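Consider the two complexes below, in which chain A is the common component and chain B and chain C are the respective partners.
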Partner chain A sequence: MAKVFLYPTTSLILSDLVARFGHSPLSAALQIRERIQTPGLESPPLQITPEEPKKGLKWAAVEVPSGVRGRMSLYGPMIDEAEAAIIINNADFSFGCMGCARTNELIKYLVRKRDIPVLDLEYPRNEEEGVEFVAAIKRFLDALHGGSA
Partner chain B sequence: MTRVRIAQLSCGPEYSGVQKEIDEAAAAVDAEIFFPDIKLADIRRSFDMFGLDVRSPDLKLAIARAKALVEGRVEADAVFIATCFRCAEAAIVRNELRRYIHENSRLPVVSYSFTERTTSGTLLTRMEALTTIARRRALLAREVQQGLTMGVDSGSSTTKAVVMRDNQIIGTGWLPTTAVLQSADEAVTQALSAAGVTRDELQAIGTTGYGRFLVGEHLKADLIQEELTVNSKGAVFLAGTQAGPSTVIDIGGMDNKAISVQDGIPGTFTMGGICAGASGRFLEMTAKRLGVDITELGPLAMKGLSRKVPMNSYCIVFGTQSLVNALAAGSSPEDVAAAACHSVAEQVFEQQLQEVDIKDPVIMVGGTSLIQGLVRAMEELLQTKILVPHHSQYIGAVGSALLASGFIKGE
Partner chain C sequence: MTTYNPRYAGTVTKYVFVDSPEMTPSDLAIRAYEISQGVMIKETCFGLQVTGREDDVNRIIDLLRALDPSHIFVKDRGFSPGDPRRCRANLGGARPGYFGHEFEMGLIRNISKGLESLPSRKPGDIPHPPAPSTAPRLDARDLKKIIESQES
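And now, the complex of A and B:
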């Protein structure tokens, strides 16, 4: 069973797929609701304090905005821990969404820089692409050591 | 109106750990922060319609929420726009949303860029101003001072008091702020004495400035109000420009204010300053180093040429160093004084005036508006003639006395 980092980390669907195929998802799964009443699209379910942006200094320098560093304090350890990663590019908001484009760029870079298997996929736009999308994820997960499917 | 509802449009405050500070600042002025409730479909539609092609989804969300507010799909009393400091993408959105809301609605807006160190104390005056505009629009519409009232401005550098009767200033008091209450008492004594009236005769008292709560309680003031709305009112009153648009610039001892005013009521404003190097405090230090009184710095600067001395007072320490170096290299006190004025004006121009819409007339107020060199430097940067009304140094006290007359019994 491999620890698989997911991007977007908020995607419940991805998280579920990874678990179904016998691996351990590294994600901050928070369901995006139909109506948004929180400050951001992937508002954290936990209390972040001003200490978190300081912890984020491990992944982003002090001149990087505090919001990026605060996010990295959550996602940075997940990336460090990951044994594989799935990146979905240009996903729909409802699939899973991360609010800050700069953090997203940094996350993808840090994942790709690590010497781990990475599946880079475009978000499907129709049913046909959707079927191939799931199949590609399944193939990737099966190829990882210890996959159960 | 009891609880003011402030709509928050933001990117990053939760992950910066400062959302709690924003909520606390709002709660301190009996206001409530809320996030306009919109659908995911609204984000796509509104964002496409707005036309600013940003990449961060939370900024797209902020744009969609701004459109919902302007189009009246969500009701609010005021808007607070906040994004991370040093994020260029967010800075563009922040400015454009502020302008969009200001131009398309009557909602007062304030924008702020935070770091993880932002505290509720830093945000308090801004929140207070937002709620004052929402709550006291009728009071702020007052254009004439009536009866016998007094206004006290307890500022970080100086304390000012003004006594007014039937729309005329009849007494003033001014002194450097030391012990807050003692300075206020002394300024009040000066103003009452000059006006030839006693405390008991006053029909209403207003206080403003950093020490407004302490002094207000001490004087049993009828009105205790932050300096953003009060100064706007005082500025347009003294300048005789109560109707229509105007821009008020107040370079203070500790922070600076730039306010876009419409009919005497602030629409958008910025408050702050990155460092004391962009405040009146730096000019005080310059005067001290040049061995002249602060009142002589303006005329001295008028005789100098700022371009002869390289100076950037982004930081007060390095600014002072530039000043010392220039003098040691043989620069004239006139040129150094002019350079100091230009440096302060340039920073206010670059860091604050970019966040408000400059509309004529531009009115400079506060003690620093009496430093002619500073006004000239600002005129050069803005390419416009700046109005400095008589009694401009008493702006907060005048605004306070004017607004306090709304509290006279029977008013």
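And now, the complex of A and C:
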């Protein structure tokens, strides 16, 4: 079973397909859950504390805005941990609450800088594309260690 | 600053989305209540949220998914159901993550079709998925030349 980084990190489709085909999806929910379930000081809404931008310095320079560094403290550990990645490129909703454009660029850059298998896709717009989309993800995941190939 | 003590510590929460012509969220909820055995089930407009110990949640999810495998989709959730920081009863509108779900649920029938067609696909068939455009974009050097030509 390989750990697969997802982009968008909140994607239902990717999260489901990776788990369905026998691997472990690395999604934002896991990092949020870790913070939500850790006792400490109240810091709503996501329990992101002033410590997070400091942790983010591992992935982003000090002059980078704290919002990017704070987000990188969530996504950075998952990128480091990942053994493969699936990226969907035309995900408009990844700009907003999930991440700013600079964070998204940095995530993609860091994923590509790591020497791991990466599958680049776009969201399927019709059923024919859906068939190919699912087949491509299955083929990619089967080729990873612990896959069915 | 007030002290924060988490509710439902040590549990996991998973979303179960259903988009099926043969099953509604309430059908799914009834099945889930039948096998819940102490796990918290919350029915929603799109499916369920299941909260409990990881093993119990996974067991229930596996049983639910088997009811309609190509139309039931599952993902992790960070918050537990009803968390006042996320629950729309407190926020007065759709919670932020809902828009991502709404977008992907609009495409989910394409994924269902893909899952249904997998068994009939030949093992050696190379998939041709929708891939990002490789058309060249404006080169930074060209942009610089344009700017300089305008300035002079």
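Everything that follows uses one rule, which is that the second predicted complex is superposed on the first by the 122 of 149 C-alpha atoms of A that agree within 3 Å, B and C clash if a C-alpha of one lies under 4 Å from a C-alpha of the other, contacts with A are read in each partner's own complex, and residues count from 1 in each chain.
The rule is simple: a residue touches a chain if its C-beta (ideal position, glycine included) is under 8 Å from a C-beta of that chain, and two chains touch if they have at least 3 such contacts.
Since this is a predicted model, take the numbers as computed values, not measurements.
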Touching partner for A:E127 - first (chain B), second (chain C), both, neither: second
Which of chain B and chain C A:A28 touches, first, second, both or neither: second
Touched partner set for A:P50, first chain B, second chain C, both or neither: first
Touching partner for A:V68 - first (chain B), second (chain C), both, neither: first
Residue contacts on chain A - larger count, chain B or chain C: C
Which superposed partner A:C100 touches (first chain B, second chain C, both, neither): first
Chain C-contacting residues of chain A that also contact chain B: 32, 35-41, 43-44, 93, 97-98
Chain A-facing residues of chain C, complex: 1-6, 8-13, 15, 17, 73-80, 83, 85-86, 96-97, 99-101, 103-105, 107-115, 117-118, 121, 125, 127-132
Complex contacts: residues of chain A adjacent to chain C: 8, 10-13, 15-17, 19, 25, 27-33, 35-47, 89-90, 92-93, 96-98, 120-127, 129-139
Partner chain A, residues of chain B touching it in the complex: 8, 10-19, 35, 37-40, 43-44, 54-59, 61, 83-87, 89-90, 114-117
List of chain A residues in touch with chain B within their complex: 32, 34-41, 43-44, 48-54, 63-71, 74, 93-94, 97-102
